[in-house]
Amino acid sequence: MTEPVLQVRGVSKSFGALTANEDVSLDLRPGEIHALIGPNGAGKSTLIAAISGALTPDAGTVHLAGRDLTGLDMAARARAGLGRTFQISALAMEMSVLQNATLGALGGQAFRLFRPVMRDAGLRQVAQSALARVGLQGHARTRTADLSHGQRRQLEVAIALTLAPRAFLMDEPMAGLGLEGTARMTGLLDALRVEAPILLVEHDMDAVFRLADRISVLVYGRIIATGTPAEIRQNPDVRRAYLGEEASP
Amino acid sequence: MRRETLLNAAILAGFLALPLWAWMADEPFIITLTTRAAILALAGVGLNLALGLGGLVSLGHAAFFGIGGYAMGVLAFHAQTYTPLTEAPFLIEGTKSMPVIWLVALITSALAALVIGALSLRTSGVYFIMITLAFGQMFYFFMISWPAYGGEDGMSIYLRNGFPGLNTLDPIQFYALCFVLLAGALWLVSRIQHSAFGLALAAARQSPMRVTSVGIRPRSLHLLAFTLSGAITGLAGALFADLNRFVSPTMFSWQTSGEIMVFVILGGVGRLLGPVLGAAIFIAMEHWLDGVSDYWHIYLGAILLGMVLFARGGLIGLIAGREVAHD
Amino acid sequence: MTLLLLIEQCLNGLQMGVALFLMAAGLTLIFGVMGVINLAHGSLFMVGAFAAAGVAAATGSYTLALIAALAASAVAGVLMEVLVIRRLYARDHLDQVLATFALILIFSEGTRFLFGSFPLYIDTPALLSGPITLPGGIDYPRYRLFIIAMGLAIAGGLFWFIARTRIGIQIRAGEVDREMIAALGVDISKLYTAVFALGAALAGLAGALIGAIQSVEVGMGEPVLILAFVVIVIGGIGSIKGAFIGALLVGLTDTLGRVLLPQVFGLVMDASSATTVGASLASMAIYILMAGILVFRPSGLFGRAT
């Protein structure tokens, strides 16, 4: 078996009496989409925050490509190659689409004070090709606030791409997208997995079962099952806890 | 050409034409007035870097303005009294040389901004406003209670400091110096605005999360912006002291911070020449309204209030329209 | 340094602290409930002081002067809220700073226009003037003791008001979740005006109380306002308890710093430079206190983590 790119080991996090994550372990192998599903309040957001560095877990480690990320903050994890997208778009709305993408292309090196950044051919090339990859090449000069909701989600993915990440961490990229948008995003993610594996948190079950190579199910802060979509469909625990018994095979 | 570019050119042309006319018409008072506007504009250009680009609402920039002023005051005081600043561990003499004074003003105010910034940036939002205001007040009270340099009364410097090859006592020559420094600061800020740092700083203002997720720490950006901002305002303080040949704790007062902020907002926050236009209008109003009424601050207050409530974006925003996303 | 002198200075610190609390409580309520930073809160302090001075001079009654201060500052506060502040709730802090800075200019110049530039004085009533001998043989000004008593009584009343009354509960709900109180069917706009009037009245009362121990003049409010900001930063925004503890800390640090620091430096240097260095450092003491607390608790002693 190939070495996993992202390894989460034994992550636990409690808020007072509430246990949000309990001994969660999962890994992300090269070339795969690994979906994380679970009912609301199962602890998905906490787990994402622990992986991305937004909060410090009580226990557990996170490794990316063999490197221990555990003590690092969000910015350092991004530089180490963790490309993430947000559930609610976090974009510089007053800037152009190309400027947003260029920001990612900086690769965390922001302390250059004199050279005009938008005339840097190297950066522009990285930014443009990421935009082309998600289908936004025609909108480079558009003000980000003027993009449609679906286009903003695509831009999120494009910015993550400019980081040339080793792994993607995507928080509900389909949220709020219509049928057409979901179809486009599904196609995009499908093609993206060869670039870097994707840890995908998503509520849209059709998309999850169509895209994912493996699925982990998080219930009450614990992973109750990990397996291929077919295995997860058949798993009695999952059916009881999450899919509901009445969901016929 | 964009309308804002034209407007910017017109503002700078005005800052060249007015004193030139005054020089030919032998109106030294107008030159001094324009010099005052240029220096205060420079202080505003400094604040605009933190406020406009960084979104850091600092109400304590009087601290840096005052430190710049006292850098000049202290050095010139020791030079004119022929006493060294200190003798141990090594001898430091006063000086009447503007370039040296400017350098000292830049460095000391940058250091102060670094320390105040490092403390204040641990917080954000309304805490940041209150804390910067409080630190400004700290310097004010310190200067009042420290008697070595005049305490509450401040101190006078008898002769304006010198610049190699120029007669700084001639108003137009001193103005030329101030204008060159203002233009230099504007050039620097415009370079920063279009640099990688400027891009990241503007993005951090709009979405800190976005910047973090591409591997950049917003607080580091903010600290650098605040430090540069303080340094530029400090330089303006040194020039202001030289213009008046006088420094006093008033330079540190919260009103000074408020006025510098008013220049920036009157002209247009985040607009390159916003503080320049704002300072010019402020000085013109101060000059004309003061003649009309003893209570001209009421009119100033009413105008400001009207601007905030009804004309956001400042004068440049009114004339040139919304800022365009340029690439 | 005698023990008696130390006790006297502690009382002075307490007196400064309760006066600061009256200012800081209003500010922190207004920020906590409405999310507005109000620089013109110092103007309300000044309005209270001038109203008290005017009424005291006209009627000779100190009680009437205090009532006038409360009424005038509450009315000024309501006007301020209805005409200006109300339009700023949805705006960013920068707009709030600028608009309330403009209000300071208008209030200060308006007051100068009405009362002139000369300072006014409020006479303390006969009942409260002169010293009183406390247990232990300390002679302490009755009036300052009155300020302390008033301040503590009002602090107690405010805690009760916030904890027990209907409006108090609405205020606390509003600090947690602005939409929630709307959902509870509370008329938000009336609640906001009421909170603002309350904060204004407290500031005006502080102005009237302090106005009798210093001169009443234009610009007297802003130094107190900035000290109140320091109090809030130390105590944590939105917390009345934090404002109280912060105010006492600031009052005691400032007062004791001015007395003790020159003496401390007197141990290691000659008297005149000890006075100089001690006084200069004492003027910075509360800001150093603030910086120190910021390093360890960026959102204040009782503030919610941001």
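Which chain is which? They are A, B and C, in the order written, and residues in each are numbered from 1.
The rule is simple: a residue touches a chain if its C-beta (ideal position, glycine included) is under 8 Å from a C-beta of that chain, and two chains touch if they have at least 3 such contacts.
What you see is a predicted model, and the numbers here were worked out from it, not measured in a lab.
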{"item": "Neighbouring chains shared between subunit B and subunit C, ordered by label", "value": "none"}
{"item": "Maximum centroid distance from subunit A, chain identifier (CA atoms)", "value": "C"}
{"item": "Core chain by centroid distance, with centroids computed from Cα atoms only", "value": "B"}
{"item": "Distance between chain centroids, defined by C-alpha means - subunit B, subunit C (Å)", "value": "31"}
{"item": "Whole-Å gap separating subunit A and subunit C, where each centre is the average of the chain's CA atoms", "value": "49"}
{"item": "Centroid distance [mean C-alpha coordinates] between subunit B and subunit A, Å", "value": "44"}
{"item": "Residue ranges of subunit A in contact with subunit B within the complex", "value": "52, 73-76, 78-79, 84, 86, 90-96, 98-100, 102-104, 106-118, 120, 140-141, 143-144, 159-160, 162-163"}
{"item": "Sites on subunit B touched by subunit A in the complex", "value": "191-192, 194-200, 202-203, 206-207, 209-217, 220-221, 224, 323, 325-327"}
{"item": "Residue numbers on subunit C that touch subunit B, as the complex places them", "value": "31, 37, 84, 87-88, 91, 93-95, 97-99, 101-106, 108-110, 112-113, 222-223, 226, 229-230, 232-233, 237, 276, 279-280, 282-284, 287, 290-291, 294-295, 298-300, 306"}
{"item": "Of all residues in subunit B, those that touch subunit C in their complex", "value": "51, 57, 59, 119-120, 122-127, 129-131, 133-135, 137-138, 141-142, 144-148, 254, 258, 261-262, 265, 269, 295-298, 300-302, 304-305, 307-309, 312"}
